[in-house]
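Next, two complexes with chain A in common: one pairs it with chain B, the other with chain C.
Take a look at the complex of A and B:
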């Protein structure tokens, strides 16, 4: 009955905790085969089993904070999302979205029989070792002994001539001596080569005798532990297993820029489509299996419509909500075909393609006060920001400008944010201007303002904040679209410094198009100079900016540009691509 | 089986005690690089150190209030901290604190500003002011040390007189694989800088004693109060350091995830690699 080393390391499901060890907002320190785990239950009930190590500086995540939807590292406050373990925020660089995909190592988790099960390596899907029933977990008992020896000792300690039902890899159903003939099932958790935890379950007939039953087994198993540990003391202790620290991906270690084209990497199902406001269609886009990639508040995705159009929509979700993305689509009378296709053609149950989320409108969380100003459908990215700020209890106000009460989109979500939401309903342009002037009148240290809405409203907010003394870097904006007439008439030369390519840009074609024709892929999304995805560093030359993404300081610096619409005033541009 | 330290460590000076704590009388004992040492102050006032395994007497120097020795062939002198000798400074040892971590992990933590709001909450930093602004780092090959300058961090109570938070300036030096010295805006005199040093005694690869030096311009506070302040700070770092895995500092750039704020740590790891340091680190695979 002895188990060899190779046996216990064979990939298999093992219990690593009792379900009761995971109350809300707690992080449990687990271990399997020498590998430490941070185990935590999110507020939505999901159990996360992660490597117990922050990817940044190796600090145990089991000393971190479970904030309900995210786990926050104690050392530098990095936040990792429920389910995906993707990093959503790095406080040392509050103005940046963690663009590099920093994701902690995760392990599978299943709750069954009142225990939490996990595994390392490739395993078949979890199959409950026992039929579901009224199983009561016993107090887990750690034993400093080889896991195989612990199982052997349990088997040897059964009633004379009684049966044993083996439950591989390290379990057995049997009747121990000294427990009044009560059958129990024991699973031995292999913590390390020389350490184990006995996790037993019994069928609890009546919950009244729970305590006496627990006491009875605890006493019996404690005796067993003393015997096993006394025997082990005579043997040489086995070498502890060495945990494997997987290297982070090369892209994280070397910090290159990631390059994506417009790629529909993901498939999602339209789980719900509803009227989210007078002229807004709400779409809940659910993962086909598992969860969706990590996003940050302010992020958008590209939706690939059945009619071939590609449109950008902001994700409205709160932190750690990764089973589906909720977006809002405004029905535009003068639509270029996107919103009409969604309103008329998309049905619940349809599968559609989306890009991975991308964030060009990141939320800083180092403000003493955050002012969010939403005009119409501009509510969508700000809703995600408001939910994030609310869940971290950071002070904010969300000002919602709408034509009528019915035009306020996502009213249920706004209701949950309580008094932080301030509606401004039915104002004419002059009334809106007066209201905004008042909102931005008091600039103070470490305040930040975010605005998303129609172009004229953004222009107004940017003007008024500048007049009221707001520094440009404290005013963050996102235009829906670029209404400027794009002038594609100029011709010039572009040198790509890192790709060692020189390209002639003819009139009528964008830099982005010519780069792609020459095999240089670059990230892009809206391709009309609004979203910020194709932002590129300019090393030499003077760009002719035609976008609505950059602020005035950034434009004047001549150090960056959007390659989808902007061109050159000089004969030549040198780009850091 | 302990590993043999490479020349960069074997031939370096290493701190082993605050000088004031070495008296005449019976030998005291400590551990350096897995080697048991016995030491005392001789009748002539000089500190004597010998290895217990071979009985060999070792070289000793006293600098900055601490006693230093070497298991190999050390350079003529230790790195210099000229400010220590300015007559109006209050120089003090803030204690020798055992930590279950490697010396390079402790040095890297000393260089790090990003943890101030989370680990030294309300003292050296406070949420939401978490930003680590751009700063400069250079490895000076001439002086054989790392220098990080133009470091600024928002601190809630940088000075007693301050009623609002403000950015405090830091300069960091790493003049020794296991030692670092920082210079920080001095609340009492705008033209000068307070000096704080961490000197790590590598007892084993994964256990140290951190010896802390303060050299301050401060006429208001007592030495005891200033010591307590520094011990509070270090007491906040200790549980973090003891929960870092692996305990030895990984020098492979792919072992952990650096960000811009970690520029000085990246330079430090590269410098240790270049020097061939093999003790207290996980060397980069060839």
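Take a look at the complex of A and C:
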């Protein structure tokens, strides 16, 4: 039952490691059919099998750092998320969220019989080649020989013909002489055309002394290896296999869909709905299958409600948590109906639509100290940031301002962050102002501050940090909503430089609306000047800023604007659209 | 005061920097231009070590050569725990010596391959590489069964010894000599453990490990 080379290229599941090869915070170096793998177990137990190559400079990720929820390349520190292999952070661009398309190639991973199995190409779903049981993996034995020759040598080493049962692919249940006549099952992992690993399993319960059994098999297989390698030395070495580099998916290879206005791209199931705080509903939105797209701390999503409303919620997850997104919704009876619809109508088990995550509030990971200030439901993006900083053991403090202890949302998640969380409970405006003044009093080099909360609180933090000498670029803020009165009365002309289109903007309509009426789409999310999604480069003219996203320096620069609310002070604006 | 005659890219010099970093011993460095200057064969250096080999360590006038011998000296003189080179258990002491010898064999193969590729030395590359693979097969098997017996280090002790320090550098640098460690998963795990020893220091080509934290 020798196998030819064409057989081993046939798509099939092969063992690529033992489960015990993936201890805590380790990266295993694997290979199947010429394709190298970086294999690592995240702290949540998930096994990742990735192409062994950083997308940046091609360095092997198997020498990278397993940080528990992200794998960090040893060379320039690019980080990739557990499950999706999407890039979450590029140290050379600390203030930017990496593009969604920077996603490494992943391979399937299944743990069964104490082994890790993977496959290349189109394979049928994994089915265990043996009944589940108390299988104990033997010491894997790499052999420098053709996989087919290794299997042939293994089956030739059997004691009795009747005991041999071949198992697909490259597997055999057989008895090896000198091992107490017990059956063992061996799989030959085709590493390359001239390299293989013998991976054996035996039923552990039937043996008293596991260690001497493991040694016995190891000796027996080592002898076999010597014979096979001696024979192979007489043959000409086969050409190494060239891994199949499949083209990346269309979604990752092409420019994003130009129609990326507010699109309900994803369907998720409400896996859990609970009281996450006195006036906060927690929602766990789970993937219908597989995992959800990569996000970075600070990211938000659009939730499309059954009543037609679209609302933005920050993702509170820690790094590498992609089976579901957890968001917090504050119940506001006087709102326009979004929070009430969620609190009263949405039920566990409902399927709802969301956008892909978008990050206009990215977290730097190069600060000497990070100060996070949360007011009320403003905790949500900062919770994701705190979890990320804690996971990398970066110094931070999370200040939580709330009306009462019961109003602190997500208390269980905050408990896990330990002493980095500082509650400020039940303060009046004067008390809050005094606390904030103290918090921002000590600006030091490379400190960064992130604040999310009600408008007056943000205004206060921005004022106080400016007075305390914080540079504007070190103070990052996210408003829930635009606190400005929008003045839509002006009329002006907008030239879209790249679209070669000139549009007249009448009073009462936004630039974004007029653009869409004329067939030019652009990304947007909140459409009220708070989230930053429609940020556009201004090439000429003076914008009339009405948003709460840009800081004062950005406003004064006249080089960017929010097309959903901002207008023009000059007669004409030229935009890079 | 200790003075180390050192070449930054030498694994055997790094061995001593690593040991002294772990033991918290302060030392001065005199750089010796091993490549391309061949300063280790210069008259002034030959007076220090007639073999013309790095490293040399001078402690208060005492001149020492041979990296394994110096490891023993440092451990016996500066390690207050007595664990890095224990002398009260003859079997353990002998076992450490066996791995010191093994370290020399790694130098003779893996380091020779690295010198050929990175510093234009004229060794038989194929022979050096296959010799290193033979050693690594032995070492991987040893470490795999050590893990099964609940041990993390090369010798039968619940703590690392100079044996681990002696074998670490040229194993960790083997890929610069074209010797992949893909087939030696137990060695790769042991390399992670060594890199997590408190006081560990890196060198060019030897990277730090991620933080090990207890899984909660």
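Please note the rule applied: the second predicted complex is superposed on the first by the 552 of 577 C-alpha atoms of A that agree within 3 Å, B and C clash if a C-alpha of one lies under 4 Å from a C-alpha of the other, contacts with A are read in each partner's own complex, and residues count from 1 in each chain.
In the analysis below, a residue touches a chain if its C-beta (ideal position, glycine included) is under 8 Å from a C-beta of that chain, and two chains touch if they have at least 3 such contacts.
Keep in mind that what you see is a predicted model, and the values were worked out from it rather than measured.
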Which of chain B and chain C A:242 touches, first, second, both or neither: neither
Partner chain(s) touched by A:63 [first = chain B, second = chain C, both, neither]: both
Which superposed partner A:211 touches (first chain B, second chain C, both, neither): second
First (chain B), second (chain C), both or neither touched by A:74: both
Partner chain(s) touched by A:23 [first = chain B, second = chain C, both, neither]: second
Touching partner for A:127 - first (chain B), second (chain C), both, neither: neither
Touched partner set for A:500, first chain B, second chain C, both or neither: neither
Chain B versus chain C as contact partner of A:142, first or second or both or neither: second
Partner chain in contact with A:446 - chain B first, chain C second, else both or neither: first
Residues of chain A that lie at the interface with chain B and also at the interface with chain C: 36, 63, 74
Touching residues (chain side chain A, partner chain B) in the complex: 36, 52-53, 55-60, 63, 74-77, 90-95, 102, 245, 247-250, 252-255, 365-368, 394, 445-446
Chain A residues touching chain C - in the complex, by the definition given at the top: 17, 21, 23-26, 28-31, 36, 43, 63, 65-68, 72, 74, 139-140, 142, 197, 210-211, 214-215, 218, 222, 393
Footprint of chain A on chain C - complex, ascending: 141, 144-145, 148-149, 181-183, 185, 188-189, 192, 207-213, 215
Chain B to chain A touching residues, read off their complex: 108, 113-115, 117-119, 127-132, 164, 239-240, 243-246, 250, 252-261
